[in-house]
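Structures for review follow.
Next come two complexes, and both contain chain A; in the first it sits with chain B, in the second with chain C.
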Partner chain A sequence: MKGEKLRNLSFFLSPMIIMVGLFYLIPLIFTIYISFTKMRNWNIERYLTEVVGLYNYQRLFHMFQHDPLMRTVLLTTVVFVGITLIINVFGGLLLALGTFFVNESSASTIRLLWLLPRMSPIAVYSLVWYYFFHGSDIGTLNSILMKLGVLSQPIPWGQIVPWGAWSVIIFVNGLVGVSFGMIVFTSALNQIPKELVIAARVDGASAWQISRRILIPMMKWHFLYVLTWQFLSLLTTYPHLFLLVQWDLVSRDYGTTLALYVYNTAFGRGEQDQGLAAAAAVLLSIIGILGGFVTLKVLQFEKMIHEPRGDIE
Partner chain B sequence: MKGKVGVLLAMVVLFGVIASGCIGSQETSETKTTSAELTGDFVKDVLAIGKALESNGVNEVKFSAWGSGDPNSVMRVYGIVEAARRINKVWEENGVNVKITITDTHYVASFQDAYQEYLSKQPLGQAGDFFVNSYAFLPTLADEGYILDITEYANAYKNVIDDFYSSLIEASKFKGKLYGLPQDTEARPLYIRKDVAAKIGFNLEGIEEKVKNGEFTWGDVSYWAKKAKESGVEWGLIHRKGSAHPDLIQFIFAFGGKLYDEDSGKLVVDVPAIYKWLYVEWKFVQDGLLPKDIMSWDWAKQIHPAIVEGRTLFDIGGTWYWTEWQTKEYYGKEGTPRPLKPEEVQAWFAYTLFPAGEKGLKPVTLSQPFIWMINSKAGQQNPKYDELEDLYHKLAFLMVIKASDPDINAIHSVISAHLPVRKEAAKLISDEKWLNDLKNLNLDLDPQVKTNIKDIVATTVHPINAKFLADVSYMLEYTKLAPAHPKYPALADIFKEAVDKVLRGEMTPEEGVNYIIQKVNADPELAQNVEIVGEIPKDWKFP
Partner chain C sequence: MKDVETRPKKGEWIIVLTILFASLPLILGFALLIISSFSRDMVTDLSLDSFRPTIENWINVFQGRLAITGGIRQNILKITLNTLVVALGVSGIVTLISTLAGYSLSRMKFRGRKLMMLLLLMLHAFPGVALIVGVYLLYRLTFPQEPSFVRLYSFFYVILARAALEIPMSVWLMKGFFDTIPWEFEWSGIIDGASRIRVWRQIMLPLIKPGILAVALFGFLAGWQDLIYVRTFLIDQTLATFIEANIEAEYSHMPLIAAAGTLYLLPTIMFFLTAQQLLLQGYSGGIKG
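Here is the complex of A and B:
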């Protein structure tokens, strides 16, 4: 009987196990291995077997100790991930709830508008914000504020450190991420039986009371999913940041997160130090695993997957 | 019987010897057809390679050319297309049934992006066979074995090599070996607005000579920049941004400093010179002569319009600006932005070397030669690559030799305002008849090349532009090169960060220097490759 159960389990789980192994586990193991080599400039033939032990980690920690940029990178990562995560999750939730209470055609239009940042090519979307936040009078924001007489001199928004730079990168990435939560929460809301909402309405409950007492508690799973997913996404995202820093819109110091640091080290200009980048990527993975674990603990994931106790003791 | 056996054995042995001789001679003949010795006689070498390829059943050789740069520098790839046509012509005229086809002319704007793409694709065998890029990347590519060592091939073509400016050939070497041929170079003049100068009584007569002999220094630049500002001009000085465009390191050389120690092979952080550089820039910002946020200015909407519209007296630019201003719509004073006319550029701009930092020192300029490099896997998309590798590599080398023909080099120089790398090309630029032929595209060129340069030729080929190139050629005698060291880009990034912080007022010049030292020491690998020399000078005054 046990053997049959195992066979069935293996049959149904094998595609997922193969996928996880192929696309998650093997790259992770490979990254860990590269972090112990002198790999650089894509020269696999020459460096892949040149094992240097903990050299890359020692170098990385030396830089954390002595390079002011590295400490800034860590701080920027914490602030960027923390605040953008809150905006992404709660912004998505608010939009989903907001559109839940309006008529369907308006709701669809609003949702479509919020999907635009996600649909736009990264370079085009970043370019829009580059010109919007540009620190001179060619910047749209500065130009408007100067025409309104609010400003007499343009403000270099992204170069005011740290909060100016952080605000720009959080704003730009926040807008992209909100739509993800919005879609998940909207589909969750559509699964909730309408009778519950109608009954609450009949009892005189307000939209806020319906949201707080009925809708949100029934979306715990989705909340957990969006939170964990967005946390890991934000920890590893870099394309928008790369462009904004590359174009000198935001301060390099306070616009660089650990993910962007890994990218620049591995594939930046000049010498491309993939061994050192792999060591930093391993660190990033550890932070991701720990962060994901803490999120699941805090939101009591285990309790949520407990088998129901049933009504009879 | 014994005798018969003996005769039979002797015959077998004899047959064996003859047979092995035959086989041996066959091997020798195959060896001959899979390689060719370069003699230095171009036509003879091309024919030898063509015939060898033909005898191996190869009738088409495919190559791809990768280049990058400003929109006017497309000859960096079309030079290869033209070289292929010229070699095909030789083969055709001599009955050799082989043809070179350029399958891909990959041209992108950013040379850093092109380098990154090459670096990532070369190990996979997907990079271009010819690669034009900055000499600054040559050491890394050579060290990793990604480009071909052409030292031996070049020995046969000494007559051609000797026609290149020797400093540029040196820039194409790594550890004494030649890894490419110079494609172009440039100088970075200090442009002075003639109209602004006239307005403030700044007499530009003989300014070139005064800069050359060190009489006019950065103290004078500051003096006149202040005058311009007082007269109502928006800025005294505008310069370029970023670390990829290493213009600002000219200050280090102008203050007598150095960036590289030949003896130790290490990069140098020359503290006194760097301090003076940062101090001068900081002072310019403090006096309101230079925008404090220049390092984040937009090229097309701020930097170039400020210069062409006369909103600054001085500009640290490059020779290629001269034609860039004539092809890009930067001038917006009359409403819709438009390019400048050659006459306007000539009337509005004077140009000199980058002045000496202070009296007693020398003026400089900075060049960043572009080099034609050959992929170490060149020709791999062709049949029997393993067997005929030597032929493909030598053919690729001959194509680069042909692409360096004086006329091809001169065309590139005129239409992109880069300086010629060969003396013969420099002569052509001063030839009025040849310029006229170029203007009318009345030259023997591949139709594909003509089509692709037609518009650029129409706007840039002008006696004024040719005169400009001839006028600035002397600057190459004063030129300095950024160190061709694998770790230099990392150091250049640190310089850029420090300058930006000092300009924005986040750091004093002294703090800027200490920041550079701290950043260098923070990375043990960089620290091993950099020497920090000297101390911040005390009681130094500017201007």
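Here is the complex of A and C:
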């Protein structure tokens, strides 16, 4: 019986374990290792075995303190993550509450519409905003403002530093992230007992009062969950930013977060410095692991996991 | 939406209008992209003069003629096919692995199960993309010596690596689907003396079809839309890297890129129209756990 169970388990679980080992565990070890080497331009033959100790970390912290470009990257990361996070969480909350109070068919249309940014290919979604914020008169925003007489000539929005560039990247990523909060909050709202809402309605409460007094207090945990989850995802994802910067829609200096900095330093045009990139990636990973750990602890996920009753033994 | 009959009807349209107003840039942006692909000039400037209807852009896209003048040609059909191969590959691997692992996490008791599930949840939150430097080193170290295998290997590797990013979430999603199946189905099979593997294949898989479909769909979209992994590992071009490379090129004709973008958007729109319920259900299922 024992041997059979082991055979079954390895049949079901080994593909997943191999994938996690190959693409999470080994890369994590490799990234840490590269951060201790002098790896440049992916010259593996020459630099893979050239260990330099903490040199890359010293360089990184020196840059944090003295390199104006790096300080811009850090500042952009803080501003970008902070403001986008607020937009994501509250935008998602507003959408979920809004769709709670309207009829089912309008609600699912709205929800699908707001899933569009998350579902459409990154390149197409960025292309849409490329045209929207374009610095010439084909840019939609420019032409609207020019027609209204606000502007006399087109403005390259993303090149105005810092707030023009920041506004564009916050706007573009803000719309993607809203759907996550919307979905979590919607499924939370569906689990709230209907009787509470009925009772409040009978007492004559308005939608706003119901939201504030009943619905929002009951979604505290979901709120925390969305907050931490979205924080991690904003800190570490960069595909949209990559394209906006690559296409010169936004200023390179004020459109680059730390995650994008890692990618561009390791794979970008020109001189590449994987040692430095890996050191920055290790820092990000530490924040990520800590953040994930805090999420699990705060939300007590282990209580959600029930014991299976499948075995008859 | 679960609000009750006591709800006043008159306030409803105000909420709907407000949300639609907030969604205006979103609707406008996508609509202008699609309309521009059928016009001689970009209509993103919102002026009626720019809209001169034509299907020339689409013909040029399928012929791979990037510029109106000059001889730059690219085989867009092959690029689309590359994108499709990556998407199907990711979808297949994610579905297979999560159907296997989801079953045992939902139905089997073993030591370390809880830890494994928490670990998966953490990997889901973990910055998978932050490890790309390490993923690339693994790629380079396993690179085949034989030059004729290189392109094939790059497909193989990008599919595996991209699928790995989706696995934590898909396993949780799949486990959630298995959880909804009553235990009696399972017990009847085990009492008849079937092994767990047979129970999985012959009893559970047919019952779990909607879940398999949802996971496959998400895997497909993940592979289809990917940009970073494809441009880092894949030697051939996909639609994502095609658009990335051509937007700022001097020679490229803007409405033509809009047509390529619309072509790239087609599967998303198709799934939108056909699988709405599955998508909404899948997204919330994956999050609830």
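FYI, the second predicted complex is superposed on the first by the 241 of 313 C-alpha atoms of A that agree within 3 Å, B and C clash if a C-alpha of one lies under 4 Å from a C-alpha of the other, contacts with A are read in each partner's own complex, and residues count from 1 in each chain.
To be clear about the criterion, a residue touches a chain if its C-beta (ideal position, glycine included) is under 8 Å from a C-beta of that chain, and two chains touch if they have at least 3 such contacts.
Computed from a prediction, not measured in an experiment: that's the story for all the values here.
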item	value
Of chain C and chain B, partner touching more chain A residues	C
Which superposed partner A:K2 touches (first chain B, second chain C, both, neither)	neither
Which superposed partner A:I138 touches (first chain B, second chain C, both, neither)	both
Contacts of A:L69 with chain B and chain C, given as first, second, both or neither	first
Touched partner set for A:R252, first chain B, second chain C, both or neither	first
Which superposed partner A:E271 touches (first chain B, second chain C, both, neither)	first
First (chain B), second (chain C), both or neither touched by A:I110	second
Which of chain B and chain C A:Q159 touches, first, second, both or neither	first
Residues on chain A lying within both footprints (that of chain B and that of chain C)	42, 44, 134, 138, 248, 267
Chain A residues touching chain C - in the complex, by the definition given at the top	4-5, 8-9, 11-13, 15-16, 19-20, 22-24, 26-31, 34, 42, 44, 95, 98-104, 106-108, 110-117, 119-124, 127-132, 134, 137-140, 142-144, 147, 175, 179-180, 183-184, 186-187, 189-190, 192, 194, 197-198, 201-202, 206-207, 228-229, 232-233, 235-239, 242-243, 246-248, 259, 262-263, 266-267, 274, 277-278, 281, 284-285, 288-289, 291-293, 295-296, 301-302, 304-305, 307-312
Chain C residues touching chain A - in the complex, by the definition given at the top	1-4, 6-7, 11-12, 15-16, 18-20, 23, 25-30, 32-33, 36, 42, 44-47, 96-98, 100-101, 103-104, 106-110, 113-114, 116-118, 121-123, 125-138, 140-141, 160-161, 163-165, 167, 171, 183, 186-187, 190-191, 195-197, 200, 221, 224-228, 232, 239-240, 243-244, 247-248, 254, 257-258, 261-262, 264-265, 268, 271-272, 276, 279-280, 283-284, 287-289
For the chain A and chain B complex, residues of the former touching the latter	41-46, 58-59, 62-63, 66-70, 134-136, 138, 156, 159, 161, 248-249, 252-253, 267, 269-272
Residue numbers on chain B that touch chain A, as the complex places them	112, 115-116, 119-120, 122-123, 137, 140, 144-145, 241-242, 244, 293, 295-298, 301-302, 486-490, 497, 504, 506, 518-519, 521-525
